[in-house]
Amino acid sequence: MARDAVLRVADLQTHFFTFGGARVVRAVDGVSFTLHAGETLGLVGESGSGKTTTCLSIVGLLPRAGRIVGGSVLFEGADLTRKSQRELRRIRGRRIAVILQDPMASLNPLFTIFRQVAEPAFFHQHLRGRSLRERVQSLLRAVRIPSPEWRMREYPHQMSGGMRQRIVGAIALAGGPRLVIADEPTTNLDVTIQAQYLDLLKDIQRETGVALIFVTHNLGIVAKMCDRVAVMYAGKLVEQAPVRELFDAPKHPYTRALLGSMPKLGSKEPLYSIRGHPPNLASLPSGCSFHPRCPDVMPRCMTEEPRDFRPGDGSVARCWLLDDVLTRS
Amino acid sequence: MSSPVLEVRALKKYFPARRRLFGGAATWVKAVDGVDITVHAGETLGLIGESGCGKTTTSKLILLQETPTAGTISFEGRDIASLQGSDLMAYRRAVQVVFQDPFSSLSPRMRVGDIIAEPLEIHTDLARAAIDERVGTVLELVGLAPDVAPLFPHEFSGGQRQRIAIARALVTDTRLIVLDEPVSALDVSVRAQIITQLEELQRALGVSYLFIGHDLATVAHISHRIAVMYLGKIVETAASDALCARPMHPYTQALFAAALPSHPDDRTETKAITGEVPSALSLPSGCRFHPRCPSAMPVCSQIEPVLRPRDGGGEVACHLYD
Amino acid sequence: MATIPANTRLAARRTASGWLGALVKAAREAPLMAVIILGGLVLVALLADLIAPYDPTLPVKGAEMFVPPFWMEGGSVATPLGTDFQGRDILSRLIYGARVSLVVGLMGTLVAGGIGTAMGILSGYVGGWVDQIIMRVTDAWLALPAIVFAIFLAAMVGPSMWNIIVILGAVYWTRYARVIRGEVLTLRERDFVKLAEIAGASKLRVIKKHILPNVMNTATVLASLTVGVVIIAEASLSFLGVGVPPPQPAWGLMLSEARPTLMAGQWWLTVFPGACILLIVLATQLFGDWLRVRLDPQTRNL
């Protein structure tokens, strides 16, 4: 792709230090990916896989115990891991926007919709009076809020869940971001409202060319929304591929298992169940972290950690199976 | 199809929304408004709908957590409203429930064995040894080792907790389990385990399920028949395959359109239906779906459609098929 | 996602090593001090007959009235903390007084906790008009000044230690009822309670097996924080002459009896019982605070 990368994450490592540094939890361990303008990356994983920590590392919102110990986050050419909190604050909300799962947590119940949507335009673009009102209305129209001139005088509690999540979207768009990170934004929404919201995000992306990171555990959302997919397991990226390659020819057994365990509409085929449950990051299995649950486990998986393999179709996977496949062919 | 286990007829549940100063309620929330469903022996009926459609109220009525405003619920041929004494206890033994959140459904201060044994302690006077044996049996049924009985719930993961909840539901001579979104709170890789386990248990024990959910793919996978609910009413019922092959009610079609694709090639460019579920306080006239319906006709805002037999079996309530 | 609460917990742990560290450390060591004070007092109360040098109700033979503590001029080692206006040994009276304070404090709390927990559970779990009545009664109770109410009751039934216990229990149960009721209201909505009801468990069984075990933490913490309040109330009642009747030695009564001489320079009559009250209340509060932190499931795993 000739376009410039909006975001280039290289070998990102974020650890949590507990008990005064006596215990180290490798929440994110060597994550790399690149995101171009107008592209959507799906960051897939189960709870505790490190997908949320990866996003928090990018925007510099890690909790106190967490620290980026290695790698770089290049956003528009500048390394965000070297920026001060002050500089990051300027970037967040303007160049990078974040949409979280619970819209109520992102909205202040005491302020009107107008005040909350107007804030970035007021402080960053110094709009006042009528031009400010028009800007807010156009933002609300962009997220398909009906009759924005009335709605903007209301308070968050007067709106439905879907409507609130749109408001959060409007605030995210207010600064004209190049990158939007959406962390499971539709988990609390009903199916038809979820579909509306996903359609809306796609429309906005088409109009503005914003790059999107979609954090989710739902492969259906990935199939609907994403161009590329990165699958995380126990803090590591186990597979990364263009969305069609991932669904057609998953390389990592974990990806295969995830796809097999997803019920398909109108199919009664038995679901594939992965045995066991996700590991505790504080005490990971030796070798490949997935080996105790892996259906294709080999002796070397228990001792040696697999490296990245590139089978040539644009995908990257961390699995010893590929080593054999590659050497044989 | 075998004999019906559960038959719900014209079930209604109205909640008072605003009360007058004196006397009765001024407005009613019609949470459940004339619902008919049937669950046969050894069958799974999926009840699907969005939040506020009344599916949870329906399950509460079946579980005797609420009393119906009108209508009947019969279990194995007997109206459960008339059950008393030992008959009532027999019903409570035969019908169990598994809730969505496995962290809330197991008491943090009880041992797993005691949690599972509770229905037995309530309903039988079995000796401790017999209870322990039965607990061990159901633990094995759901794929856990019998020696986990003395542990406390916090030592288990979400999926294991849900297995414990299922074990408890099976410990008596259960014939019907209400599954209220039993996998929604679980990790994806664990969901398939639980679904598969439930399917296996049904094959082995012949127990019936009422599976309540909002995810079409999951409900369609586990259910033999599906009932689609919208604003307190069943709008369409059909065998799972028939419904997936040809959803007829515009709301069912909208649910299918909104369902997430299982492959990037299945992406549809059809737009999701607009609008949101209206408040149950002020129901639309005529067909409740008509304000959001893409094929609404003048008649839809005047006359409420009734369930009629549809092609391929089942029933649909829509003027398009009059 | 599950990682978020875990992370914030880790974060909380980190700050503890900073400026909060000293505070947290102090709180951790507090029970040691509290346990030493409380344990000492319990021991003294139990062994009062053995360790008290004199009968607390009778004047010390051969000793005068208002003998000062031994280190002062005119003091005597025979009566190390001095004697009171009747020539009774202050130390012996303090030692026996510990009995009264502890018995009234613990029993009064037990009575208040028993009534309050029962009422709170009844109110929260049964609901409806039962809830209405109990809550209106607690409203009325809370509107009355506790001490005035206690004086009124004490004046009606007459002063005795056991009456005081019942009276203080009857005065202080309302705070339990309110807190426990709130707890029960959230418990009632938990799925495991619903599951028990659906399985056909009787109300009594649900209360016994599911509600009570889950409110015991709260009740225990509340109890440890109430003991001090009850002890002060007992001292106040005794001070006002409607508590433990003389000549029984109670700290509050000692204060009361010493009041006329407060300005006359015989400070040891008031300072020692006052210090004892301060010490025991402080110790119970510290212990209660520590217990609250320990039993709080949010912080227990740190």
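Which chain is which? They are A, B and C, in the order written, and residues in each are numbered from 1.
Following the convention adopted for this analysis, contacts are C-beta pairs under 8 Å (C-beta built on N, C-alpha and C of every residue); 3 or more make two chains touch, one makes a residue touch a chain.
Keep in mind that what you see is a predicted model, and the values were worked out from it rather than measured.
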Chain pair with the greatest number of C-beta contact pairs: A-B
Statement: Top of the farthest list for chain B, CA-centroid basis, is C
Query: chain A to chain B: how many Å between their CA centres?
result: 32
- prompt: Centre to centre, by mean C-alpha position, how many angstrom separate chain B and chain C?
  reply: 51
- line: Within chain A, the set of residues that touch 2 or more other chains is 47
Statement: The answer for chain A against chain B in the complex is residues 46-47, 160, 162-163, 190-196, 199, 217-221, 223-224, 226, 243-244, 247, 257-258, 260-268, 270-275, 277-278
Message: Looking at the complex, which residues from chain B come into contact with chain C?
response: 63-65, 88-89, 92-93, 95-97, 99, 101, 104-110, 115, 118-119, 122-123, 165, 168
Query: For chain B, which residues are in contact with chain A within the complex?
result: 50-51, 157-160, 187-193, 195-196, 199, 214-218, 220-221, 240-241, 244-245, 254-267, 271-274, 276-277
- prompt: Okay, in this complex, where on chain C does chain B touch?
  reply: 190-192, 194-201, 205, 209-210, 213-214, 297
